[in-house]
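Here you go, one structure.
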Amino acid sequence: MTEPQVRLDLQRRQRLGMVEAIFGEHKTSEQIAACLSRLEAAGELALVTRVDQAKAAAVADLLSNVQFHAQARCLTLGDPAILLPALGEVVVLSGGTSDLPIAAEAALALRWHGIQSELLLDVGVAGLQRLLDQLARLQRAKVLIACAGMEGSLPTVLTGLVPQPVIGVPVSVGYGVSAGGRTALEGMLASCAPGLVVVNIDNGYGAAMAALRILKAAITGEAAVNQ
Amino acid sequence: MTEPQVRLDLQRRQRLGMVEAIFGEHKTSEQIAACLSRLEAAGELALVTRVDQAKAAAVADLLSNVQFHAQARCLTLGDPAILLPALGEVVVLSGGTSDLPIAAEAALALRWHGIQSELLLDVGVAGLQRLLDQLARLQRAKVLIACAGMEGSLPTVLTGLVPQPVIGVPVSVGYGVSAGGRTALEGMLASCAPGLVVVNIDNGYGAAMAALRILKAAITGEAAVNQ
Amino acid sequence: MTEPQVRLDLQRRQRLGMVEAIFGEHKTSEQIAACLSRLEAAGELALVTRVDQAKAAAVADLLSNVQFHAQARCLTLGDPAILLPALGEVVVLSGGTSDLPIAAEAALALRWHGIQSELLLDVGVAGLQRLLDQLARLQRAKVLIACAGMEGSLPTVLTGLVPQPVIGVPVSVGYGVSAGGRTALEGMLASCAPGLVVVNIDNGYGAAMAALRILKAAITGEAAVNQ
Amino acid sequence: MTEPQVRLDLQRRQRLGMVEAIFGEHKTSEQIAACLSRLEAAGELALVTRVDQAKAAAVADLLSNVQFHAQARCLTLGDPAILLPALGEVVVLSGGTSDLPIAAEAALALRWHGIQSELLLDVGVAGLQRLLDQLARLQRAKVLIACAGMEGSLPTVLTGLVPQPVIGVPVSVGYGVSAGGRTALEGMLASCAPGLVVVNIDNGYGAAMAALRILKAAITGEAAVNQ
Amino acid sequence: MTEPQVRLDLQRRQRLGMVEAIFGEHKTSEQIAACLSRLEAAGELALVTRVDQAKAAAVADLLSNVQFHAQARCLTLGDPAILLPALGEVVVLSGGTSDLPIAAEAALALRWHGIQSELLLDVGVAGLQRLLDQLARLQRAKVLIACAGMEGSLPTVLTGLVPQPVIGVPVSVGYGVSAGGRTALEGMLASCAPGLVVVNIDNGYGAAMAALRILKAAITGEAAVNQ
Amino acid sequence: MTEPQVRLDLQRRQRLGMVEAIFGEHKTSEQIAACLSRLEAAGELALVTRVDQAKAAAVADLLSNVQFHAQARCLTLGDPAILLPALGEVVVLSGGTSDLPIAAEAALALRWHGIQSELLLDVGVAGLQRLLDQLARLQRAKVLIACAGMEGSLPTVLTGLVPQPVIGVPVSVGYGVSAGGRTALEGMLASCAPGLVVVNIDNGYGAAMAALRILKAAITGEAAVNQ
Amino acid sequence: MTEPQVRLDLQRRQRLGMVEAIFGEHKTSEQIAACLSRLEAAGELALVTRVDQAKAAAVADLLSNVQFHAQARCLTLGDPAILLPALGEVVVLSGGTSDLPIAAEAALALRWHGIQSELLLDVGVAGLQRLLDQLARLQRAKVLIACAGMEGSLPTVLTGLVPQPVIGVPVSVGYGVSAGGRTALEGMLASCAPGLVVVNIDNGYGAAMAALRILKAAITGEAAVNQ
Amino acid sequence: MTEPQVRLDLQRRQRLGMVEAIFGEHKTSEQIAACLSRLEAAGELALVTRVDQAKAAAVADLLSNVQFHAQARCLTLGDPAILLPALGEVVVLSGGTSDLPIAAEAALALRWHGIQSELLLDVGVAGLQRLLDQLARLQRAKVLIACAGMEGSLPTVLTGLVPQPVIGVPVSVGYGVSAGGRTALEGMLASCAPGLVVVNIDNGYGAAMAALRILKAAITGEAAVNQ
């Protein structure tokens, strides 16, 4: 068995206008550090998702230019992109405070691409007034990311109230039938509110990249990619 | 193989205060007519659920004292029980108009036990104002039965708004992940609203019997059964 | 990424007549303590469910007015509500002794709302006489909560025997096909006994809130909420 | 593509003491008739399961020595085996009358191997007394076959009451979560009653063959096969 | 049982900038005609999805101002909105020609909101060159809707190639593990391509409404709704 | 919350001819010891299943008359019943050596009821000759218990070879689609071999109790129970 | 909505050495005829799978050069490729005669690529001797395709007996847990026999294409494609 | 309970041309060492799969002639077979670097049978160019093994590009809907690319054995086995 050959996607920024993201959950700290060094050498930023405290520390022992974000459970390489306020605002909502890690992952991924966002937690529909109270503020955002576990009805109710793009993020918070986030996911997919789109369970990163694509779509194609 | 022996549950009214209900879906019209004749001979009322037009007509050819309820897809034997307005009101809501057969089954089963109910359709959460507009009226009911298909979030939102017992009935209206009613069911079970209880998909009859048990629990035990 | 904003549901007592309940499983001790302090400052009681010994101790280090209930795996803030015996009795049954934590969670949640209950364990249907021996006693209760794991047939048999409201709580006790409680849940939903209602797997708290709604429904609406 | 070659299992009677059984559901009437002719030529009896009225008639047009059993939805070839009362009695029970086709399939398969059985329908646990009333009679059987749909708790309750072998047959009668028979199957597998064994959903034939194996096990090995 | 009361969502256009859509699959032609008359009376456009030829004809017998779109299996009420070319182009792609009904539903729903789209079928990844050949053209669109059945990998590959918003629509085309569209759905959700968003299986309408939200997000909030 | 009341099934031996079995997995060592003391006081034997080394040691610290069986992961109370060789032999087979704990649980449960059995491991069908070599020996047994994980085809092949009762025990040995034992379970239920019966995944205890029922059925009813 | 544009994969023969195959199940006869005409114009052969008698006739009305294969439920365009006996033999086996349509689809697809195969039906493991009797013949084949429904253990047993490539094809023949073919599929995937590979349920075509790839791999790369 | 008897498959090499492989995951180090000693005594090589570092060390303490392969998580007994370059090359690809353990297991199993392979990691379709860049090299291999987690589309895209046998190995890398590898597995089975074959999730060993069967099929039957 010869030494394995690894091909990083170094053209992602050119092609998609996105920094390389590394899925950290099933990699060793050595594998992560090796990827990051190659990206650093190529002058790239990077985001490593789904990393716990211990693995982050082990990577930091091997590499200097990295930073751990405990709430978001992510490692970053390099400094965040310059803020691009002209692209518009994103609000990240969640049904409960247990959804924080996922909401924070979304916010961090946005920030690393130059987008500032606001986090609004615990506005779930069991106490509906909390959401209705924020309507004016929500109507000012360009894109909404709505995270919810358990039965996941927040994105449905929200999508029925506002005309903007809403990205639902099912969260693996719950127990019994809702353990693992399937019920929230399927509730969002089955939603009777028109135009709600959905990403994988706990995929705050993916929701952020979808929001980024939408924000950039407001500007003409070619231009957007090169920002 | 000797002739099979069949044992009907003729003591149900004494034990539970309920008329016998026959699950019609997998029975032939001959089997249904045979059950109903024996119940009629015993001086009992009866309700046959999940019967289509054709099977109902075939039963009516064999037996005179039966009535078909097309919306509810049910057959009844005998006259409805005398109205018992003192037990209080039930409101049956639904998220869409496609849920009508299930809501109607619940209302019919209640009526055959002496309970009058009101039907309020198409107040789903995609147009939330339709529900909020009815709040005062809903707060006057003693028990609420909330039917919903697709993502099934109506009972969750309702249970967060009012203090009464709410019985969620998932409905097999939908397609893709919501086909068959599983998503609605699991959304209701996973609900973040405290105290929502649930019955099987499309089980309008069961929701009615649960409501009946609750209405009677307000009166002391023994008495309730004999009504 | 700005500091997240959290909205507690401080009007729940006014709206639903229930104390705030916090789902403790996916929260850190810091998050729980922060919620409880805000509720305490607002003069509210609170119940935190699904908390283990270690997390409970960490919260107790941060906050004085809390109490851990080991069997029920819950934390409480403040003193239980004054007993309201006029609302009637609840009996909490279970099929085996392994169901104790869930039965205890239900009993504790009831107690924190002023309802005293009785626990009757290990009356599963594999030894049916144990249940039949208790019938007279069960018939005196206003509401029955029946917890069961494995195949979960206790609530079905019970609902066929008594006329009162029965709330089935599937329990995640079992292995093979019954691991996780799905089989018990679906058995209860599919039950051939009329009027059995069901809550999520292991949701003792939800069953208690449903029982509370039923007990209060016996009293006229407005009044019940303000008790 | 050359003509396919088909190998029938003509030694089954020698090896297992069972007549050949053909699974009729996915075969054309031509395929069934072809199999039966070859078995007839070899001097064998045969049973064809899961055949509807129309297919049965089409086979009967092609072959004379066959008989259709409408309740059991089976075709038979040849005359039933001579009765072997010394092997002992089998009772086939069912929770409802909708389970009749499956119970009848079991009884027919037994009869074609020389075993007489009794059918006892509609003794489901929603009206428990109906079962308890039959206990003395059930205790006289050598083997019990208990068919049940919906939540399928009849075999569990029965197995807790009597010491004999009980074979549970889940039936695809139900709707919502119980549609298709999965809930009944898993309830039986998860059963807290010790020693209940289970066969596939709707597999009345398989339950009969298991009962036959048990009845013959009472006699010494070699002998049993040759009966 | 009193006459049911139905509440249509007549404010949807004001709130969301969308015409009312009726889910036609589980409704009778009478129910559909009744809804459409009320919408017509209110001066609204409408779209009825998932309607077959026969049901469409029955509705057309009851109401004059409707039109059936056979490929898209939809009924429309009124004339399409005026074209709004300034909002930008949408391209609807599909992996095979069997996906046509879903792609056509998306295109029709867009057209009824003033958006012209282009359909590009059978560019699935089994013959990758067909997709790569169209890259320049795809890069000119503002939003891409990618429909795919079977393993559903077209949206994944596409999202890795272009920077715009891509909405994946899983299609219930396939057999074995892919029957019903679950495999395509989960493949899209699990996608390793960053920022792909997904709607329910066969939900061409929902994808169109999401695209509409995105196109309008390019213009400032308030304004967009009133278009 | 009053002290919970626990009802043990002390009549099981009279009713079923079986010693009490306690499901140990979800109980604390204190709960197990409490049950065993009450059974000991009542002069009963007992078997505790699914107990690990540590929990067993903790029980042994609280109670003297118990014994741990490491391979079978069971605790026993009291001495095994006197051997009853007249009831006939049981052979317990398994597909691999990883199935040992389940096969050993079955053998131990049999032994505690007076039945001696033989264990024959690693005769899986990937090396079919290993099974065919044992045929003569297998044909001498009265009942066969066949344990298998992965695809679980051993019981199917065996049931096609011998005429005796075969009880299939799916084992949770495997990974990917076979992790948890579902594939083995469903393979056994779907088996094309006539008369194979099945118990829950890993339920060696249940298979033993079924074998016991069969062995006793050879003797007349009443008598068998009192042995 | 402009006219949809369709891109056929006309380079498949160059790239993969395979004729174009059209998945007929979800296409109208008009769509199929349109695809075939374009392929005919390009001088290509084609195979249309999963077509019933009626649809086949409708296509034949529109196009002359097609042929229907009833057993295999396929349409073909053009004449089969010249036989290439040098590539070696394939044997297609099946567990029962109900598997014939799938086995025939595999044989037809092979034939259309120049490969002759033999069909050997009803050698399932419930009567193991039927398979063992054919061992010598099976050992002469270059590739084996083994089709099986129900529990699907034929490919497992076969793979343990012979050293050649075995391709398992799960078949949707069965009922209860085996309805739809999932159990057969997972049993083959979980197989303890080393090196068994699997295709989708009922995918006789795919198994044939895999066999073709294997037969051609014996010859050097480039050459194989151009045959 | 007598001492269990264990039957190893010592004829596997004669029958299949493969060394014995032991599934290590559910075995103790004592069980593994016992199997290996018997194989060593019989002069056999062996491979133990799915072993972690700790278990491997414990086995090495009991037995000298073993070697641990950390990346592949396997133990081997004896020296690898002599290289057989004439059989042709295998390339093992993977979509990400997280798939390394499975790719390494395949490579090791091949090496232990005399086959050298090449590993090519992180050529997933999110950055398609990485795969297209390697086409020439891939076209030189005789068999391709393609490992992928998440949505698993690499084998589909690859099979559409090259004419050789491709064996897809779904990998349990992912989260949400892709956790555990089901989504990757079903995506590969549902693949629209003709002739892709699949093995169980994470079954690198099985893919290697399938490749070995294919490589040997190029040589005539008898001969191949004895190599």
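Order of writing sets the chain letters: A, B, C, D, E, F, G and H. Residues in each chain are counted from 1.
Rule of thumb we're sticking to: a contact is a pair of C-beta atoms (placed from the backbone, for glycine too) under 8 Å apart; a residue touches a chain by one contact, two chains touch by 3 or more.
Molecules present, by chain and UniProt name: A, B, C, D, E, F, G, H = Putative circadian phase modifier CpmA-like protein.
Keep in mind that what you see is a predicted model, and the values were worked out from it rather than measured.
S.K.: Looking at E-G, C-F or B-C, which pair matches A-E on over half of its contact pairs by residue number?
M.R.: Interface equivalent to A-E: B-C.
S.K.: Between F-H and F-G, name the chain pair that shares the greater number of C-beta pairs in contact.
M.R.: F-G
S.K.: Just give me the whole-number Å value for how far the CA centre of chain A lies from that of chain H.
M.R.: About 35 Å separates the centre of chain A from that of chain H.
S.K.: Need the CA-centroid distance for the pair chain G / chain H, whole Å please.
M.R.: Each chain reduced to its C-alpha mean, chain G and chain H end up 26 Å apart.
S.K.: Using CA atom averages as chain centres, what separation in Å is found between chain D and chain E?
M.R.: 50
S.K.: Touching at least two other chains at once: which residues of chain D meet that condition?
M.R.: 15, 96, 126-127, 160-161, 176-178, 182, 185, 189-192, 194, 200-201
S.K.: If you look only at chain B, which of its residues touch chain A in the complex?
M.R.: Those residues of chain B that touch chain A are 95-96, 124-128, 150-153, 156-157, 159-161, 174, 176-178, 182-184, 186-194.
S.K.: Under the definition above, what is the set of chain H residues touching chain G in their complex?
M.R.: Touching chain G from chain H are residues 15-18, 21, 23, 88, 139-140, 142-143, 160-167, 185, 189-191, 194-201, 205-206, 208-210, 212-214, 216-218, 221, 224-225.
S.K.: In the complex, go through chain E and note every residue touching chain B.
M.R.: Residues in contact with chain B: 1-9, 11-12, 15, 23, 25-27, 31, 35, 50, 170, 172, 180-182, 185, 200-203.
S.K.: If we count contacts the way the header does, which residues on chain D are in touch with chain B in the complex?
M.R.: Against chain B, the touching part of chain D is residues 96-98, 100, 103-104, 107-108, 111, 116-123, 126-127, 129-130, 133, 149, 173, 175-179.
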